[in-house]
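Got some structures for you, see below.
Note that chain A is present in both complexes that follow, paired respectively with chain B and with chain C.
Then we have the complex of A and B:
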């Protein structure tokens, strides 16, 4: 009891200096983040300019005459110098106007909005399952190191991680959606205007795919950090003091294993968002991933910019959160 | 130590799941196909929601005249709008919003008599002013409508409204196939106030309810439709970026009809329980196209040699997976004129080598540009490259992204394209100088003079004789290797009735005839 109180008290006193450092750390990070997003927008813009293919021709198809193609080019403002086009776009964005889609004339906010919600819902639901599950499995595997459980989990995780996500997804669809069992809808059709969680059955297979991919990777990190801690001197001491194994695992080892795992979790979150293209294609899910692929194929620059900036911003925010959490828990690791 | 049993159970669970999966897959592979009863000929049942999957993207448009002509655009516009005339499932001309059309003896004044009692979805009545407004919209100088080039023979001044249901069209030159032109996918008739905003308003069997490009659209039955009224109450047309996702949705019962079935999978899909394919022989062709105005294809001997290189049956068997038929180097499969009397061109490698040597082009090395525009296109290029080796011709297949392909659309010296249409429209669009899809850059005076004569001939029988002469010129000289006719394969769940094979390739577009039961 005494040692527990000491630990808790020590933790409380450490938060204050950490708090100051955190505030001092965030502002420069945010500024550099905004600069990075700005640079990303420039890179995306000029990369798109270099993409082969002519947008008006793509929109009008092969039956249009060259005159019609040229007329549409002027109408869309694509005949102007790239710098002018970029300047107009960025000033619009700074005023909060994301422009209109070049291929269907709808406001970018309308095109992107519901898809952002769909994609984030998908990822967040998957992460709410994957992260706790990874911790449970990681602790379990560490506690049962080199036993059958550990080996079985490791075997499964290696197999799952070796599969590309579309192969894993396709297997799950065949298993639960179409060929073997027909339990869950194989395609996640979320009608426009509905919120994704109104259709829980539709979410099962895409969520399951992401959870499997994320968990099999994350749990190994949790296991590794747990083992690091379990091998440390103070755990040895605690064991010699006669503390129960459960208490050692959950009260002493786990909190110290959290930092690397949280950092990895935020990275997995961001990577999952970037990797949504494949999952959303596979499940016909109306989200950012399919929109990204679509807007590249159709050269729809305003939509493409918005999607990439959202993904880039998510990466940045995830990293920032991971850093803040690491700073909060980090001193324990350093004091060890 | 006390925690030992659960992990063992976990391991056991993993093993159990694995074996169930293996067993399940094994059983499915062995099980005989359990087909439902074949579609009965009983009376149609009304009601329900029909869900159709088709390939779509954010480029989708729902405008009757201004769209990219993609499968899903045409599927949607055909539900909301009607044409003046339309081909039926046997490619015979039928009258829709027009009741009849007749010309003067010279063929340069046409009178369109419109169907009485037709109403738009907003309740207003359909009449001559809507037809004139649509034509003017398409031919306007700043029009972005793809049908503009089709109506090059009409000027705004030539349009006269005789009464509410009669339009007279005065042409500068005779145009014999006038009734046929109005079947075109870009010439659906909207209401005269179409550009005033408001939601899509047509005369078709379904009423527009909602539409999100690249995602989905919803329609309801139009109870006052002039033709055969829709059987289903609601129609959802859903976009799928990926064919396998669309097929999965069909397998999982989330859609009732899916437009795209890769030809390589058609047989396997047909064997699935509860799912059938709709295999339509069509006039679609995927020609290997040679640019007749650049070397080496400007030499007719090289063109003939390339035509002789092709083993047409192998092309159909491999590139189309057997879903097609051999063709004979002229376009326009379903013609009221019958087939021209031309010998079937067969592979003749020796003759091809001889011709190439004569032309000084032995051991020719060329590149073929291709994109995955429709099932079999890329495969056709690959099979052709293999066959060409036998004649000492090296063909390098350059498979590229659609945007890159389209960028250079009319410039590829050797490529694969695809078309479906009727003869005179194809001739105009693809075989005349300056036409939007004349990828061959063919400019044959004999062919052009025959085509002009055809346009000046209002009598259909007389036109047939000319049409068959034109096909003979094509067979001999054109830059198209028309090696086969491709089938269009769609798939549907067994509760869907009323779908019939359709030579226009648009079996899935006639959704008012479909019922669920």
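Then we have the complex of A and C:
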């Protein structure tokens, strides 16, 4: 899970005894969040506008006359001061006008729109499987603490969590798509205009990759927060009172696991978003990740800016949600 | 200096550290993890000398299976897969270690200082780091690589910088519990310079979480750099590289699976080793803290 890198700081949140003080931190975090997104947009714009080479020349090719190149430069607005370019771009973005693609002349919003839908569909389908599965496995591991089931699950999670997403994805393709069994298509090409869930077989392997990454991380948070409760005094009392183990597990321990799991889910969503670039490339899935790779290759500036801005904003908001939940409920998600 | 030494004796961590090293060496997870990493590092280091062919030498038709003298078959251009696996790890591992070190050093300095300063300075520092944290590390790297081109030094710096905010957060959290302890407050009150306090009192107490971070960061560095090569924006052809090999040969996954599976297996073994080390160490630290409290 290479892309866990950026969120792990939040994921490894340590116990902070001063929960009350952190409660007061939520509003400043949200306000600074807006400022940070603004700074992010500045970084995205100015980094990409500095693309090497003469962009109009790149688009028109070597045969173009200098007049044509200059005309396109004016048309793209590259002749104006960078600050003016940025101001126009960001006001456009806020109004929903994302400019036009340099490759096919279509509005960026149209190009990006269905890719966002595809990518989010992929992650959401994976999360709908991963979250319930994590709860089942987390409860199972907590109930069978330190026994064979628990150890086996831990072993699997250490191995799967360690694998970079393209390694995990490629292994799944080798196992289920091409080399060993040929059950599922090794590529997930969704025709333009089709909705991803019209092609369930194509989705199996990319979804499975994300589910495996997410579940092996999430179930441990569920397990850890269940064990916190099982170790607590009031559960000890409940046990002594003679309450059944099942009742203790489901009525007392399970609700306690919900908050950290929601928090972790937003983290996992964020992580999947980062992993998406590689996973979509691997499966040829037409989402934001492949669009990012394509727009870098074709120097399609407006699309590149839009994609990175969308990914960064979503990623940031997911992390912020996780942080705010963590501050509000004082949960900790440190793995045991 | 005698004053400083007497301050040091109050700190409990220094005394625990010897015990820590012993526990790490006796723990099954950490030792297995270190052995796996060491194995792959050795493979990457001496592999180029053992390779039967040059990594760029064409030895047969593309995508042929294993045969005499070509143990793992050939790749997309008919080059020897075994020789490319043996030669393809050095750059990846050197780059990953360098990126990890950059992230750890920058992150620790920023995190610990931020915890020590506290207040507004702390808040602002963490928010500035949030800007980097808003990008998934691979997207962060792609943003700059798309502009500046893929060169190894740039990749190392980018991945290192991408690690920095997360490391800083963890180290800040760890340092936070130390800077409020009596002996640190006392050292501050009698005017010992901040740098001396951070180095002699705070740092020894946060070595354990730093080592856990080191394992995790190394794992993610390898993953990110290999993934960038896989996408075509990392290590460039014709260099032999495990991530690049997975990408070059993946269309022949059913025809010549060894050309893909062997390189990704080596990457996987290394990252599993790093994760085992971090997990094992994390458990030891949690247990030690639990016993000490």
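Going forward, the second predicted complex is superposed on the first by the 247 of 336 C-alpha atoms of A that agree within 3 Å, B and C clash if a C-alpha of one lies under 4 Å from a C-alpha of the other, contacts with A are read in each partner's own complex, and residues count from 1 in each chain.
Please note the rule applied: a residue touches a chain if its C-beta (ideal position, glycine included) is under 8 Å from a C-beta of that chain, and two chains touch if they have at least 3 such contacts.
Keep in mind that what you see is a predicted model, and the values were worked out from it rather than measured.
In the superposition on chain A, A:303 makes contact with chain B only, not with chain C. Contacts of A:186 after superposition: both chain B and chain C are touched.
Of the two partner chains, chain B is the only one touched by A:286; chain C is not. Using the contact criterion defined above for the overlaid structures, shared-chain residue A:156 touches chain B, although it does not reach chain C.
Applying the stated contact rule after C-alpha superposition, one finds that A:236 touches neither chain B nor chain C. Using the contact criterion defined above for the overlaid structures, shared-chain residue A:91 touches neither chain B nor chain C, since it reaches no partner. When both complexes are overlaid on chain A, the residue A:244 reaches neither chain B nor chain C.
When the two complexes are overlaid on their common chain A, residue A:178 makes contact with chain B and with chain C alike. Across the superposed pair, chain B and chain C both touch chain A at residues 51-52, 170, 173-174, 177-179, 182, 186, 281-282, 293. Chain A meets chain C in the complex at residues 1-10, 12-14, 16, 28, 32-33, 35-37, 39-40, 43-44, 47-48, 50-52, 158-159, 161-167, 170-171, 173-174, 177-179, 182, 186, 270-271, 273-275, 277-278, 281-282, 292-293, 296, 304, 308, 311-313, 315-316, 319, 335-336. The part of chain C that touches chain A in the complex is made up of residues 123, 127, 130-131, 133-140, 142-144, 146-149, 162-163, 165-170, 173-174, 176-177, 216-217, 219-220, 222-224, 226-227, 230-231, 233, 243, 246, 250, 253-254, 257, 260-261, 264, 267-268, 271-272, 274-276, 279, 282-283, 286. For chain B in complex with chain A, the residues that touch the partner chain are 3, 7-8, 10-11, 14, 21, 24-25, 28, 57-61, 68-70, 142-144, 146, 148-149, 186, 210, 212-216, 238, 240-242, 244-246, 248-249, 251-254, 401-404, 406-407, 409, 429, 436-437. If you check the complex, the residues on chain A that touch chain B are 51-54, 57-65, 68, 71-72, 101, 103-104, 106, 111, 140, 143-144, 147-149, 152-153, 156, 170, 173-175, 177-182, 185-187, 189, 191-192, 281-284, 286, 290-291, 293-295, 297-300, 303.
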